[in-house]
Structure formats: C-alpha cells, structure tokens
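Worksheet: the structure to be examined is printed underneath.
Note that the chains are named A, B, C, D and E in the order they appear, and that numbering of residues resets to 1 at the start of each chain.
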Amino acid sequence: MKLKIIGKKIKEIGLPPGTLVASGDGRTESVRITVIDYDEKNVQEKSIVNVEECFPFREKQSVTWINVDGVHDTGLIERIGSTYGIHSLSLEDIVNTSQRPKCEDYDTYLFIVLKMLTYDEAEKCTHIEQVSLLLGTNFVISFQEKEGDVFNAVRERIRNAKGRIRKMKADYLAYSLIDAIVDHYFLVLEKIGERVEVLEEALISDPKSETQHAIHTLKRETLLLRKSIWPLREVISILLRGESSLIHKSTGVYMRDVYDHTIQIIDTIETLRDMASGMLDLYLSNLSNKMNEVMKVLTIIATIFIPITFVAGVYGMNFEHMPELTWPWGYAGVWGIFISVVLVMIVYFKQKKWL
Amino acid sequence: MKLKIIGKKIKEIGLPPGTLVASGDGRTESVRITVIDYDEKNVQEKSIVNVEECFPFREKQSVTWINVDGVHDTGLIERIGSTYGIHSLSLEDIVNTSQRPKCEDYDTYLFIVLKMLTYDEAEKCTHIEQVSLLLGTNFVISFQEKEGDVFNAVRERIRNAKGRIRKMKADYLAYSLIDAIVDHYFLVLEKIGERVEVLEEALISDPKSETQHAIHTLKRETLLLRKSIWPLREVISILLRGESSLIHKSTGVYMRDVYDHTIQIIDTIETLRDMASGMLDLYLSNLSNKMNEVMKVLTIIATIFIPITFVAGVYGMNFEHMPELTWPWGYAGVWGIFISVVLVMIVYFKQKKWL
Amino acid sequence: MKLKIIGKKIKEIGLPPGTLVASGDGRTESVRITVIDYDEKNVQEKSIVNVEECFPFREKQSVTWINVDGVHDTGLIERIGSTYGIHSLSLEDIVNTSQRPKCEDYDTYLFIVLKMLTYDEAEKCTHIEQVSLLLGTNFVISFQEKEGDVFNAVRERIRNAKGRIRKMKADYLAYSLIDAIVDHYFLVLEKIGERVEVLEEALISDPKSETQHAIHTLKRETLLLRKSIWPLREVISILLRGESSLIHKSTGVYMRDVYDHTIQIIDTIETLRDMASGMLDLYLSNLSNKMNEVMKVLTIIATIFIPITFVAGVYGMNFEHMPELTWPWGYAGVWGIFISVVLVMIVYFKQKKWL
Amino acid sequence: MKLKIIGKKIKEIGLPPGTLVASGDGRTESVRITVIDYDEKNVQEKSIVNVEECFPFREKQSVTWINVDGVHDTGLIERIGSTYGIHSLSLEDIVNTSQRPKCEDYDTYLFIVLKMLTYDEAEKCTHIEQVSLLLGTNFVISFQEKEGDVFNAVRERIRNAKGRIRKMKADYLAYSLIDAIVDHYFLVLEKIGERVEVLEEALISDPKSETQHAIHTLKRETLLLRKSIWPLREVISILLRGESSLIHKSTGVYMRDVYDHTIQIIDTIETLRDMASGMLDLYLSNLSNKMNEVMKVLTIIATIFIPITFVAGVYGMNFEHMPELTWPWGYAGVWGIFISVVLVMIVYFKQKKWL
Amino acid sequence: MKLKIIGKKIKEIGLPPGTLVASGDGRTESVRITVIDYDEKNVQEKSIVNVEECFPFREKQSVTWINVDGVHDTGLIERIGSTYGIHSLSLEDIVNTSQRPKCEDYDTYLFIVLKMLTYDEAEKCTHIEQVSLLLGTNFVISFQEKEGDVFNAVRERIRNAKGRIRKMKADYLAYSLIDAIVDHYFLVLEKIGERVEVLEEALISDPKSETQHAIHTLKRETLLLRKSIWPLREVISILLRGESSLIHKSTGVYMRDVYDHTIQIIDTIETLRDMASGMLDLYLSNLSNKMNEVMKVLTIIATIFIPITFVAGVYGMNFEHMPELTWPWGYAGVWGIFISVVLVMIVYFKQKKWL
C-alpha cells in the first residue's frame, strides 16, 4: 500500500481557486456514468454516455443516484456542477483526488469527501481511492477515479427493495454509501490484524532482520491509514449533529450507528499502532538478549582457554634451565593445572548463572 | 486472555443496516431465558422455554427482568424486539457481540452495551463477554452469549428483598447489573496486579528472557483491557447526566458511585500500564548491566593473559642466538615479568573500579 | 512506601450498595472519638467513649468537630450516619479506605475524601492514610483509621483562638483541615526531592546497578503519589466553584489558596517524574559509555598483542628449513617487528582518539 | 534551512511598546513599493518611489493593494501607519520580522502575520520570510523584507481579470494572498517528502553514520517548520469564524478552503515527524543488528580456534616425558582432535542458528 | 542555574493561613523602598527609609509606583498591607518567594506573581527571582527580595515622559513592568539557544561523555524554566480577558502584545526541549556507532590472526613424526597458508562492507 504523503499538486499552485485540474496522470479512459432513479414503487437504472441524459431526473421527486467513474474529464464535471448548482470549490476538490476527508455544508447541498479502502486479494495490497459525495434534496452524486467500488450491495438493495432504502430519501442513500465504505475498513483492518499476529509469532520464535522491516512497514501503514481515517470522525459527527436540513431526523439514528463504527475503527487503529510499538520494543530487547548470549559464549570460551593456553605456552619456552621440564610427573602435573582451571571457571560461571 | 482486535465480522458487510447476523460460530445450544418479576411485595421467578411466555409481564406495573443467555437465535431476538418496540439497529448490536461499550437513548428505552470480565480460576485466564441491556420504564432485558454471569448476587438480593432493590424501579435494577459488572473488573485487575508484583520481584532477583515476554504479554493485555474499559466512562457519564427520563433522580446518586468506580478502574489500568513500561525499562537496563559485567570479565581475562602469553611465545621461538635462553636466571626472570604484568593490570582494573 | 494499586476489596463484591464492610484486616483496637465544640467565645474539648455522647452538639449553633480514629467499627459509623443524616453510600466509602480522593455534594452535607501523607522519620518511609470529611452547616466529622494525624496545629489554633478560625463557621474548619493535609504533601515531596538530588550526584560520580533500582523505585513512587494527588485538583476545584451553599463566600478566597498549593504540588510531581525519566536516560547512556570504554581497552590490548603473538608463534615453528632462525640478527629483527607493530597500533589508536 | 529559534531581538528590550526597531542587520537597499488599484472595470498598477504617492488611493472605492518590499525603513512604515490609522504595536510587529503567525482585529483593520516559505532550487534550501498583511475596507497592504514573493499568480489574475478576483472586495484579495502563501507550503513539504523517501531507501540498503545525521537534520527541520505552521491554523480559524465585519460572508467559503489546506499541511508535518522518528528507530535497530552480526563472526572464529590453538600449544611443550609425542599416529591423532572440535562447534552454531 | 523544585517551606506548615513567614535565610540587610509618583505633567521620585512616608500618595489621583526591595521584613509588609487594604493571604504570598506565577482578583486590587529571570554575564548563570505586583486604581506596588531589577528602562521612560506611559493609568504601569520581565526572558532563552548550538556542533564533531552531561543539564534547565513560564500564559490571559475593572480597555491591546510574547517564549522553550531530546538521541546513536566501529576493529584483527596463529601453533608441536617439518618447501608453504587466510578474510570483510 503506497499512500501519498503530500496532498496538493504543484501544477495547481497559482491558479485561481475553483479551477479544475485533474490529479490523474493524463488518463484517457472514457468516463463511465450510471444513474439509478427510484422511489418506493419504481426503480430505473441506466448507464449513460452523455452527461446531459441524466439532467431530466433533477426535476423528479424520486431519488436519483448518479455515479461517475473517472474524474479527469473536467468539462463533464463542470457541466454537472452548473446543472446541480455546485460551487466551483467543491468541483475543484472532486477533481483533485488528494483531499482530506471532510464534510462541507453549502446550504443547498452537502459535500462529503471520503477515502475508500479496498483490499486486493490478488496483489495482496490495499488500494485507496477518494470518493466524493454530493447530497441534495433528491439526489446523490458520487465520484471516483477508477471503476470498481464497494457499492454493489447498496445497488442490490435498491433493485430488490431489500431493507428500507426504497422507502427513504436521498439522505438515507448517502448514509448507505458511507456505511458501505466504512464497513470495508473493517476488512482492511482485519488483514492488518492478521499480519500483526503472524509478526508476533515470528518475533517470539525466530526474530530476524526482516521481522524488523515488517514491523517498520506496519507502523508506517497504520500511520498513513490513521491519517485517512481520523478526519472521518469529524465528518460523520457533522452529519450526526443534524444541523443541515438535508439530513432527516429518522436518518440520524443510522448516522449514529456509522459513527459508532468509525470510533471502533479509530480505536482499532490506535490499538494496532500501540501493538506495533510494543513489537518493536520486543524485537529490540530480543536483539539485546541474543547479543548477551553471544557474548556469554565468547567470554566462557575465552576465559577458559586463554589462561590454559598461557600455561601451555610457558612450557613451550626454550630456556635451558627449566627444572619442571625434567620432572617425571611434570606433564601430568600440567594437565592437572589445565583441569583445575577449567573446573574453577565452570564453577564460577555456574555461580554467575551464565551456564 | 485472548481479546479480539477487530470488531465487525466480514460476513455482515454489505447487508442492510439492522440485519441480524449472529457472531457466534454456528452455535446450536438452545437459548435459556429466565424471568424475574417483582415489586415491593411479590417476587416471581421462572425459567421459560418459549419467549412468548414472558410477554404478558410487559403490561404489569411491576419490574420485569428478562435474562437471555444465547444471542445466536436471531428469530427469538427479533420477536422480543417487536414486542418491546426495540429498534432493529439495537437488535443488530445485541446479536453482534463485538461492539464497543456504549449507551444509546431511543426515547422509549435505553440501550446499553458493556463488556463483562470474569476471571476463571481453573484455567487461569480472563473471559470477556458482551452484555447488552435494554432499560424501559418497567423492564430490563439483559443479553449474553454464554451461560454463567456475575448477577447471582443481584438475584439473591431481589429474592430476599435485601437492600432497597425491591423498593426501586427498573433503573435501579439496571444500575445493580452495571454495578455487578464493574465490581468484577476489580477482581480481574487484582489478578493482574498480583502478576505485576511477581514480575517485579523476578525482574530484580533474576531477569530472564521469559520475564520480558511476560512483560510484553502484560502490556498487551492492559492495552486490550483499556480498550474495553475506557468507553465505559462515557457510557456511565451519559447515564449520570440524567438526560433520560428513564433514570430517576434517586438513582443518580448510585450512578455517581459506579462512575467513581469506573474512574478508579481506569486510573488503575493506566497505573498498571505505566508500571509495565517501567518494568520494561528496568529489564532493558538490567540487560545492559549484565552485558557490561560479561564484557568486563572477558576484558579482564584477555587483558591479563594476552600480553603474558605473548611473552611466553617469545621465548618459545627457535632462534639460534637468543642470549636470554641460556641465562641461569632467565626462566625465573620471565616469571617475574608474568607476575609484574598481572599485578599492574590488577591495579589498573582496581583503579577503574572494574574489580 | 507501599501504596495499594487496586482499590475495592474482593469481599465486598456482590453486596448491595451502601453495605458497610471494613477494609482493615480484622482490627480490634477500640475506636477513639474526640469532640471539639467552639464558637467565638467558648471552646469545649472532650474525648468520648460512647458515640451517643456527641449527638447533643448537633442542635447547637456552635461549630462541632468530631474526629473518629478507627473506621472498622461499622456499627458506630452507622449510628453517626443516621444521627447526622448521612447517605449509606457515603458511609460505605468512609469505611472502605481505598477510595479515590473525591468531593460529593449531598445537599445537606459535603462528603470529601482525601489522602493524608505523613513522613515517618524513624522508619524513613511515607505513610498514606485516607481521611474522610463530612461538612454540614455546623459540624465537621473527620474519619481516619489510625491514630496520629496532621491536625494538631489546627487544634492548637482552635484552643488558643489563633488566627480567625474561632470567628468562622464549619466550612473554614473544613478548609483548615484540608490545608493541613495539603501542607504536609510539601514535606513528603521535599523528602523525595532530597533523594533525587542524592541520586543525581551518585549517577554522575559512580553509577551502579543499585542507582538504577533506586531510580526505578523513585519513578514508581511518583507514579503512585500522582495517582493520589491528581484527583485532589478536581476535589478542591469543586469546593472553589462555590456551588454548594455550605461554603461561604468569605471562605472561597482560602479555598483558592489551597487550590494554588495543589497545583504547585502537581507541578512538582510532574517535574520529579520528568527528572526521574531524565536520570534513567542518563544512567543508560552512562552505561553505554562505560561499555564503550571497556570495549576499547579490550580492543587495544587484543589488537596490539594478537599480531605480535602470531609473529612469535611463527618463529616457534619447528621446520627444518627456516633460514631466519640461523641469522645472527634474527632475534633482534623480530623484536624490531614487535616494536614497530606496537608503535603503528598506538599511532592508529591515537588518531582514532581511543587513547 | 536555518530557522531562528529565538524571536525578539535584544536591542529592543527596554524600549517603550510600539517603538519601531528594524530586525534586519543594517540593510541599506532602497525600499520598493508597488501599488495595484482595481475594480471590476479598471486596473492601475505602478511602482512608486515616494510613499506619499499611494495615499490618494485611500479615498477611492476601488481595492488598493500596496506591496512594500523592505521593512527596515522605519520612517516609511510610520508614515504609512499614520495615513491608514495603524496602531503602533502593529507597526512594531511589521518591522520586527521574528513574529509568530497571528491575526489581530483592530476594528478598522485586521493585522495578519504569516511565514512565507519558498524553496530555492539553485541552493537546494528553503527560505523563510515574514509577510505582514493589513486588511482594511478597501485596501490590503503587504510587507516583506526581501524582494521576490509568491504573489505573481495573484497579480496576473488581477491584471487579466481571471477568476472572480476583480469582482470581489479587499477581503478576497487578502484571501488570495494567504492562499498563495499556503499553496507554496505544499511545495516545500513535497521536497521534504522526497528527502524522506531517499533516506528510507538509504536506511534499508546501507545505513551509515551520515544517514543518521540526515535523519536528525530532518527531524529538526520538521520541528522548526511545525513551529511556523501550527499557529497558522488559529490565524485562519479566526478569519473563518467571521467575527470581523471586514470579512464578507461570500469570502467565508474560500477561507474554509484555505483552512482545509492548512489542516492538511499540519497533518502532513505530523506524519513527516512520525516518519522521521520511525526512521531513527529503524536506524538504531539496524545498528544493533549489525553489531550482533559482527559479534557473531568474532565469537564463531574465537570459539573455534581458541580451543584448538590450546591443543597445539600443549604439544608444543618441551617436557621430557610426553608419551604422545613419540606415538607414530600422534600427529594424525591431534589433527583428528582439531577436526572434531571444529565439527562440534559448527553443529553447535548451526543449532543456535548463528550460521 | 539552580532552581528550587519544592515550593513551600517546612517551617510554615501548621501556621494559620495569612501568617507572614519570610522564606529568606535570616537576611539582615535593610529593606530599600523607592517611590515614583507621576501624572501627565509632574513626576516625583524619592528613596524612602520609613514606609509610612509613602502613605500620603495613596490619596492622590496621580499614579504611585512603590518598589520594595527586600521582603524579609514582615512587619513592614504588614503595614503596607493594612494601609492599602491588602488581604493577608496576598501578603503571605509576597513574603514566601516560592510561589507559582499567578494572578488573583481581590476586587479592589489585582495580585500578580511573576518570576523575573536575569542572566548574569559575570557568573555565566541565570538568576531567578519572584516579583509580586499589587495593582490598585492609582497605585502599583512591586516587591522583590534582592536589589537590582529589569525595570530601569521603565523608570527612564517615566522620568523622560517617553512613550505614552505618563499619559496612562496604573494598569499601563503594571503592563510595562510585566512587559519588561517578559522581554528579559528572550535574553535568557537566547543564551540557552547559543548553548544548544555549541552542543550540537560538539555532538557532531566529537561526542564525549561531557557532552552528554551538558545535554542532561540543558534538559533539566528547560524543564525548570518551563515550570516557571507555563503558568505565565494563564496569568496574562486573565489580565487580557479584561474581567477586572482595574484593567482599562485601552490597555487591553498592550496586554495582547505581551500575551503574544509569552506564547512565543513557550513555543521556544518547547522547541528547545525537543531539540535537547533530539540531541540525546543523536548522542546515543553516535555512541552505538562508535561501539560498532570498535567492535569491527577487534573482530577484523582477531578473525585474521587467530586462525593463522593456530597454524603457527600446529607447526610448533614437537611430535616426532611430522612429515611437513622436513619438507624443503614446508616453511614457504606455511607462509602461503598465512597469506591466503589473510586475503580470504580481507575479501570477506570488503564484501561485508566492514573495510
């Protein structure tokens, strides 16, 4: 997972506020727009090519959900913006996909920016993508850069009238989308949680240099995830406070539910961070332990053999007058010295609890 | 004690909010329901099989406590819910046993989620279980997954009319249950406190690699306990603030008492965490100390014997012209050198305070 | 100083709230009660045996101070409680001496729990004891477990009408008692401050393993003291806010004074903690420094002698054809090698600044 | 990047408040003043020599932007101050370029101090400069010490009537200037972010002593940047709160945008700091790892060769009675011992996972 | 700089509140009192012996500044107190010079306690002294223990009617005194800042054991300075809030200026602390680096020479049957082995990047 640290792009600097500059790297894929329009009785779903096709829905009482995949076509974004009366600053933020999660109340609509996390089983990594939501009285417009999202379950519920979604207004639809995004955070955290457990076991059984790099990577990831998720708390708290007339009271209880989940996710991230710190401490003290053990082995060997090697060296000297050399028991006596020294050292080390 | 880090279950993701999905791993034990209905004069207690048996109590003025052991039977939970007018989001949270402790006011009832900690003397470990309470005007419904709880003392007090419980309303019963749960936290903390003391002694007398793992485990446990207990503060503070008409003013003073206990428990957990950190510091500096000692021994031995071994080596050389070898006092002189070197070194080490 | 980490006692768990259970370990000493009743003109002091003797004072306008040493006699506490209209939860907290400092307003009286610290010069340790105060319109009742307190100066002032105490009401008496307790904290902190200074000097002159244990003990003590004193801030802040009609406006200014002292004490404890942490850092880096020095000595000795020992070994070989052995200046040449190696090494170490 | 730690200059101490003392080190360059006066239809731009030339604009309804490069000419600053009714304390702060970012409301004007960061590609370093803004009903006066700023894009927009700047009032101009400054922070952070990535790679591939110094420098820079940027949050929050009548409601939404950017920048700085800390941890544990490896090599070599060197030493002794020396297979047997010892040691190290 | 950690003096404990006990160690120098009385037109300055001489000023409309050097004469303080209607608690705090900076509103006067820091160039150390200010409608009384203060510039401005001081009331005088004290903090911080820079350079060029003690001392000093300066923020914020009628609105803007300075000072202290921590980290990792280098030298020498010393030892054995000894090229062959081993080791170390 490679998360960007720096937000704003350099090429934007100096432009007047509200100028749309796509953050993408010169994408050329065509934009894909789907519209789902529903009320309690009917549901209509279509994939459109020309953005103007979805404008008639604006006048209808039914709830309209326009989903735009691909935000690099700034002309298209601007046309949607002018039809639905969206402020140019909002449009700028939709197009620039390195925003901080936020919720802004523009009276006639709410502008919500979120980060969508998806875990890619194939590549074993987490993708992060910006989702912008515009919530009006009877419409929700959602923007992402790439195709593929976490909203299929919501679409299914709309089509099959499962749950209460068809009976509720646009605010409930917005809630459902936010809830879908937040629910997927649990998936990503679970994957990280699994890695934590694998790492902990590796740490205790056989700590290696790679373990340490894995811990470092883990810490860094939680750091960056945290940056994505902390602001979410405030975003949902703004929705929850219900100051906007766009959020009906009956939806408030659901917002509280998603707020609870957010707090739970933040708790979990903090716990993961603390665990990563704890693992690093454990790794470092394991390292010290191993160093201690290595040093003990060296010291024991050296302390036993260096003195007796000296003794052997003494009797290797070539002095003419060395009476011990001619003693019949001289050689046996030297072995006695060797063995005594070794025994004394062993007793000493036992006493020091080094053996 | 194995606490889960991640809350929500994957299988729930994508379902409409308020869908009941049991977190249990396909449990099949039958659900056990007990009802205690009491007022100042009468008390009636029965264990029921069919959940409908307890519905008549709903209309009575007396306080009804329904205790449900086993929340995997979602059909049963739903029937209770519709009889007592419980919101589907509450029911979802009752069934999903990985909630964060919380207190939610649904006007006609309060929904309280707590974590019940019990210490299992046999297996020497702590069990953690979710308890959900529904507090209405004249009823309390409590839900747990497994049989066995910390409420027997409360039941006894109701049966024998001990204390004021029979004279009070449902809110006092809810308080009594919360108080029973919080009181048991002290037990668990006392066990951890005992381990801290054992560890501290082990640290000072003979620090080993296992000590460090024990400290790590301790830190981790306090981390996870903290996650369970910190939200409790806010839960009880909500009850204490008395904004709900379901909590009578006379019960407020008892809520303040249980709030005090919660603060005391949080204080204790923080202190335990700080102590665990302190112990890790102590362990690491003990390790450094021991390393220092090992190194000193090695250095002393090496520094004394390496030079004199060299001297012995010199006189082991086979040069034809080595005048010292033929001196009558040559051998004794060499021993003089040996002893001088050793003495000088010892004085040096004494001066350095290494000996 | 041995402070308890865990508050509530196990034997209490399960009892109805307000049940009195003495925390003491089956004490049997008799309870000692003293009564001081005074107004501006008269003062009456007596030591009583039977608690009922002090009840007549209740009806008098004069200020009555009842001091109870020994809270294990639950019957006595209950009788006082019912006479003075004390809530059973307050009585429970008086008897259980492991409360957190707190202040509770029961309308007709204020219930204040404090920790009294006394430094025992004889045993060189700090004693900690719980003091509970009940402040009513015309009475103050103080409870402790053991005889011996810090209130003698207050008694003296009442007897001799020193200061304004005889002119003021019961709230000023309560203030005087709290002030006496807080003043004694300075004493205890001064003792700890002295130890910090001794430790710092020891650290710089000759850091030993014991120094580290002393720092650890110090850190732990400040940790536990902190736990006793932090809540005090809030206690006095409640008294200061003057929401209770029992605290007269004229006493407010004195409360502010004792509040200032409390803040000063908390500041000092935090400073002591930071200093203890700083000392641990210093100790650890001293340790690393010493290790570095030890290693340098070893390396210098080994690096000088190992190569020349090798050279000596070479000429100790017994090959038949070793021309150097027969050279007339061979032996002198080897000494030349020895001295050159040593000189080169010394220059190298000088350059590395190891010598 | 060399940021000053200490703010106020010594030479000012003791002077009455509001005395203008230039912080510059005796600069002599002439001050450069440019005026841009514009409304929706006209724009007039001129570079003036005499400060009095710009005073006529004061009476006009159009927006006047006076930009002063060079604040060491205190006389000039004073004349501007008296014409526009600026408090002497504001003037003092304009002249003293070591202020903390702040926003002060003087009713008739707002006084805003900001830090302008510019990255100098040529010298590979960041320059920091103080920008002071005075915002009145129809004027903005900006002060800097050195020529060269980040406002060219704003000037361009005014000249070409790009965006809405020509239709808006002075408050929008002030916003545009602040926005330009804040936008340039992203540039500086991006440069630091690049260094972080380079460092991280260096850390993992080949950690050297220089890496550590680079991390230290990085930490220090983020520390000082943080000091410059944190107060900005409050500055813009004051502007955002819209308590001043000088900020029109329509500008509020733009202020919110720049506020968002500020939060994003603060987030990024905090993340960079955490990453720098993480890198230091990684560096230190890499160091420990390398030490461990070094020690293992030493220990393996020493543990294998010291014992067999001893054995060789034994048979180098010159005792007359050493039966082994005359055995025909003695020499081969000794080689057998050598090889056995080496094999045993290798098995031992394999088992310890040191090889 | 030796700052006291503990505040209250032991000898005071037990005395009634408001009792004056001088903290000084039995000083006997005479107290020195100077009075400056001024209004817009006149200024009168005199040094008085008898405190009663300054009482007539009390009735005059002009501003009276009484400066008392020496607070050990409790009788004098009491006489001033009773004339100006000062509460005995204020007097107690004036006399006890170990107060925490604070600001108390006694309706008829404000009582302000500050710490005055002065840097003594001669002794290269910082002196800290308590200054107490009493601010009434037409008087300011300032108390210090020792002669010599930072107020000379203020006196000069009064005498010469420089700035607006002569036109303003007593509150502006109090502001001027506070401002003078706060301004001198910059001086002290600048001195510490210089030491930080010297230390940083020493750290990078040649880290020694003394460097570490210097860092430790620095950290400790910032710790104690912080304790003196943090409360200042609140003190000035109280003055700034303007709740007291003694502070006129026109003085508020100056108070805001001094508040800004205080924040800047606190920022600087925090930065210095962080830098000191950073330096300690740098020192410790430098130490580890050096240890690593030492170990590498030892390991390289030992790993090269121990094996070849063994080989030399082998051919120093005295076995009768050692065919190699008689080979003509035996000796040359052994040298071949020696050189091969050394080359292999060098290649190995090169590959490990140890050389």
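Assume a contact is a pair of C-beta atoms (placed from the backbone, for glycine too) under 8 Å apart; a residue touches a chain by one contact, two chains touch by 3 or more.
Note that the structure is predicted; figures quoted are calculated from it, not measured.
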Smallest count of steps, each to a touching chain, taking chain A to chain C: 2
Turning angle required so that chain D lies on chain E, C-alpha fit (0 to 180°, nearest 5): 70
Classification of the chain C:chain E interface as same or different, half of numbers criterion: different
Approximate Å spacing (C-alpha centroids) for the pair chain A, chain E: 42
Gap in Å, rounded to a whole number, between the CA centres of chain D and chain A: 26
Interface hub residues of chain C, defined as touching at least two other chains: 284, 288, 291, 295, 298, 302, 306, 309, 313, 316-318, 322
Complete ring sequence of chains beginning with chain C, oriented so that chain E follows: C, E, D, A, B
In the complex with chain A, residue positions of chain B that touch it: 5-8, 10, 12-19, 87, 89, 99-100, 102, 104, 106, 206, 209, 212-213, 216, 219-220, 223-224, 227, 280, 283-284, 287-288, 290-291, 294-295, 297-298, 301-302, 305-306, 308-309, 312-313, 315-318, 322, 324-326, 328, 330-331, 334, 338
For the chain E and chain D complex, residues of the former touching the latter: 152-153, 156-157, 162-165, 176, 179-180, 183-184, 186-187, 189-190, 193, 196, 204, 253-254, 256-257, 260-261, 263-265, 267-268, 271-272, 274-275, 278, 281-282, 284-286, 288-289, 291-292, 295-296, 298-299, 302-303, 306-307, 309-310, 313-314, 316-322, 353-354
